[in-house]
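Each of the two complexes below includes chain A, the first together with chain B, the second together with chain C.
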Partner chain A sequence: MSVLTLRLAGPLQAWGASARFIRRTTEAAPTKSGVIGMLAAAQGLQRGDDAGLAPLSALRFGVRIDQPGTRIRDFQTAHHAVTGKSMPLSERFYLADAVFVAALEGDHTLLTALHTALRAPVYPPYLGRRSCPPSLPVELGVHPDISLDQALRNEPWQASAWHQKRHRDQPTVTLVILREATSAERDGDEDVLRDQPLSFAAEHRRHTLRTVLSTIVNVPNPLARATRLPASGHTVPHHDPLGGLEEETA
Partner chain B sequence: MYLTRFRVNTGRPGARRLLSSPQSLHAAAMSSFPGLLPTTTDGPRVLWRLDHNARAEVFLYIVSPERPDLTHLVEQAGWPAAALDPDTPGWQTRPYAPFLERLTKGGTWAFRLTANPVHHIRRKDGEPTKRTAHRTPVHQKAWLLDRQERSGFRVVEKSDENRLLPGGTTHQGHIHHGDRHELTVREPRSLAFFKSDEAGPQRHRVTVVTATFDGRLEVTDAEALRRTLTQGLGKAKAYGCGLMTLAPLPTTE
Partner chain C sequence: MNRIFLDVHALQTVPPSNLNRDDTGAPKSAVYGGVPRARVSSQAWKRATRSYFGDEHLLDPSELGVRTKKVAEVLATRITALEPSLKDAEALLLAAEMIQGATGSKIEVPKRKAGEEKDGAEESAPQSKYLMFLSARQLDGLAALAVEGAADIKKFLKDKDNKARAKQIADTRHSVDIALFGRMVADSADINVDAAVQVAHAISVHRVDNESDYYTAVDDRNTDAEPGAGMIGTVDFNSATLYRYAALGVHQLAANLGEGLRADEPRITPVRRAVEAFLHGFVASLPTGKINTFGNHTLPDAVVIKLRTTRPISFVAAFEEPVSAEQGSGHLREASARLANYIPDIERAYGDGESTLTWVLRVGPNTKKLAGIGTEAGSLTALVKSVGEAVADRMEQSA
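Entry: the complex of A and B
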């Protein structure tokens, strides 16, 4: 099995798994439907092409939270551009300044085709919502003969330089991995998320449940300080004038 | 001669009062000699110095001709309960004379000195000279190096591989003391306090700039160095300046 890894970084991201009507929420990490949708768009699949979507949604999906970002709320009071009528008031939630590594495990030829499609996409990629373009190219590479878990553990830390510098006291950082469990790992206690895409048809989008297994990994911090500077109080040189003097003999 | 060390309990209000006023500390140091009456003005010299090694590690060193009794300091700014145990007295006093006798020409020691480096300037013709502090580390080092000859020691020069500049001189050929000698200067302090005039109610503002030197020295004249160690170097000896102490060099580099 091969693994395709992606870097999802941008000023804003929005990954909704349960958003309905006027309250458009976001999960803390990218959803499988969001990432599969981005790949399908890069390949030029049409909305109703469920047969073309099936091999993509059969890929095993995992994500690593490299930089959690902050959740921000947008109270949207948009008006229609032509008629000037007010649109429904809505609350939209975004993740600001977040960086994720997403990985897809599956057939090597399919993943290579997806990697090529991401380099010259038919429809441009976006991070969960059309208003959230990625700030860097999303594709990192195809890794042959590796498991999903291994690929997410091997990838270097992708967080921004300022975020890595903020953690410069830590030579390694602990990151959370959220991935689909293999059939051997399933025991019925895993978390589930309704983001396994069945159809992206415009008139009726359908998703089913997906198991999510949470693990952690320690990755090195490239901007860690080599040695900690001594505290300022220790710069006073040692000086003991009584050390050279004998005790008085009584 | 005696060398005494007293650790100040910096958490106590009495310690704060003493540490904030060089006058109070001078009075406290001078009143620790039961055999010395305060009326004698030209008595033997008592020198003291404060070493601020860390926030809660402050030592008072006293060099004196007589054995001091620091009970009052322990009570005000020490650990009185711990001092009840004869094994842990509130202060340590060692006889200094045997150590001074052992000093010989050519011996090398680590030293520490807190001093008041000053020079005398005349700002315009006909004006009397005015005592003025050296404020920059370069001038303060030059002040000490000026006095090393007659004080009986020589500050050890760095070996060439430990220097950042070739020969310890700047690119313009000037001697750079910081790179030439085994000498550092730190803790520049400006002590400012009011001193009342004995003759009247007038109060004078006193400002003393101090600097702490650390370094290595070689004895060139043992007799002169003994005088320096017991009588002090420079001005403001009443306010914690001028006491130089020696310590053995660390055996491993």
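Entry: the complex of A and C
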């Protein structure tokens, strides 16, 4: 099996698993339907092409949370074209400042084709919502003869420089991986999420349940300080908060 | 399919302003690079761009669409214009039936608010449940068809062929703005149009904390006996140097526009006109939020255009580390320098080299570092013309 890895980074992302109509929420990590939708769009698949979608949906999906980001709320109104009156339209949630590594496991030829499609897409990629373009190209690479889990463990930490610096005291960081369980791993106790796409047809979008197995991985921090202990010869300077006062009154 | 993508990047400084506010009245914001930023939503700027097309006469009204719930009224006006013998009420009924037949979307009289009934207020005209986006061409076509079936519109639309004709009219010859920004009709998926343009939320290149202006307003007719303000309140605002980005799939735009608006012109003409209108409108437009309070009419100081055959690339990561204004030189100079360094770097790593064309339009010494990034255009008009020509060339080559 081969694995295609993607970097999902941008100022805003939004990955809805149950978002419809007025209130559009986001999950804390990219959904399978969102990422598969992006790949299908890159290939130029039309919305109702369920047969074309099937091989993509069959790919095993996983995601690593490299930089969790923060959730922000956006309130959107629309204006009436004739009266100019403003009308509340929707409440939308976004993940700001987040970075993820997504991975798809499956047939090498298909994954290579998808990688190529991402480089010259028919419909350009976006991070869950059209107004959220990625800040860097999303395609990282196709890795032959590797498992989904191993690919997600191997990928270097993709967090932003400022985020890595903020963790400079940690030579390694612990990241959460959320991935589909293999058949051997399934015991019926896994979490499930309704984001396995069956159809993107606009009149009847359909999703089914997908298992989500949560594991962790320790990844080196490229911007960690060489050593956490002060070098020999350095001493902590003496600090006496009342020293100055005594001198003053003497 | 050959891909043609047009990326538009702009740096624009706005003084104290509130272009786009949330439900508390504060300017919208986001966190990026770990610090708060000013944000102007993509929807706000798309609306500004769309309005600009009509307001500045960039496009003929026949090339534009209207987005409204009052589609029935709009169509009824066209029906009576075609057939003046029809009464207004008849025309409205025809229009409502025709839109339901063509789009599958329900057209109903909105429920009256409590009290309105008692006051004897007139029943309002039927409306669609959602904002519906129809082009001038489509409205004309539907009006003509409604007049044809005016004798018994329900029976007329029960006929399979007539209904198919109605649907066909609603699904072809999209106006330029619908082809660019898409159309969503919630009830009828088969006439949706996917937008060819992707607009990102504009964010400030630097840290921004919103400020609050406390104001008092004096009553001119106040007497000494009753001094004090007639009104007090606060207005939230901020000022920002924004990075704005949009990507246009020219090949998708061509597919959305279909055969073009007029039968007598070559297929490339409407695409080129749409690309030029979009570029001009996106660069020069400004959301109008609180514009009379702050008078924040500005234009971008720097515009960078990329015409590509591979996927669009946003340069927002150049500003992930917030630009500082420590030297008291504002944010524009450092923002321009950042872009000037970042663009060649990311193009080397991910770009497609020789097939990518680059243009720059810039103002003032603070943007000097961007001079070498691409072909310099002397004015927005020159930029738009030059990009339009290049797009037409690319389309001819790929045809």
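One rule holds for everything that comes next: the second predicted complex is superposed on the first by the 220 of 250 C-alpha atoms of A that agree within 3 Å, B and C clash if a C-alpha of one lies under 4 Å from a C-alpha of the other, contacts with A are read in each partner's own complex, and residues count from 1 in each chain.
Following the convention adopted for this analysis, contacts are C-beta pairs under 8 Å (C-beta built on N, C-alpha and C of every residue); 3 or more make two chains touch, one makes a residue touch a chain.
Because the structure is a prediction, the values reported are computed rather than measured.
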Report task. Would you sort A:Pro11 into first (chain B), second (chain C), both or neither based on which partner it touches? Result -> second
Report task. Tell me which partner A:Arg119 touches in the superposition: chain B (first), chain C (second), both or neither. Result -> second
Query raised in the report: Should A:Gln76 be classified as contacting the first partner (chain B), the second (chain C), both, or neither?
Result: second
Report task. State whether chain B or chain C is in contact with more residues of chain A in the superposed arrangement. Result -> C
**Report entry** Partner chain(s) touched by A:Thr109 [first = chain B, second = chain C, both, neither]
**Finding:** neither
Requested in this report: Give one of first, second, both or neither to describe whether A:Pro241 is in contact with chain B, with chain C, with both, or with none.
Outcome: first
Query - Common interface positions of chain A, toward chain B and toward chain C - result: none
**Report entry** Residues of chain A touching chain C in the complex
**Finding:** 9-12, 42, 44, 47, 69-70, 72-76, 78-82, 88, 94, 96-97, 118-126, 130-137, 160-163, 166, 201-203
Report task. Using the touch definition up top, name the residues of chain A that touch chain B in the complex. Result -> 233-248
Query - chain A contact footprint on chain B (complex, rising order) - result: 3, 5, 51-55, 61, 92-96, 98-99, 109-110, 112, 184, 186, 214, 245-248, 250
Query raised in the report: Where on chain C does chain A make contact in their complex?
Result: 1, 3, 5, 22-23, 28-34, 37, 41-43, 47, 66-70, 73-74, 131, 188-190, 192, 194-195, 198-201, 203, 245, 247, 249, 251-252, 309-314, 316-317, 320-321, 346, 350
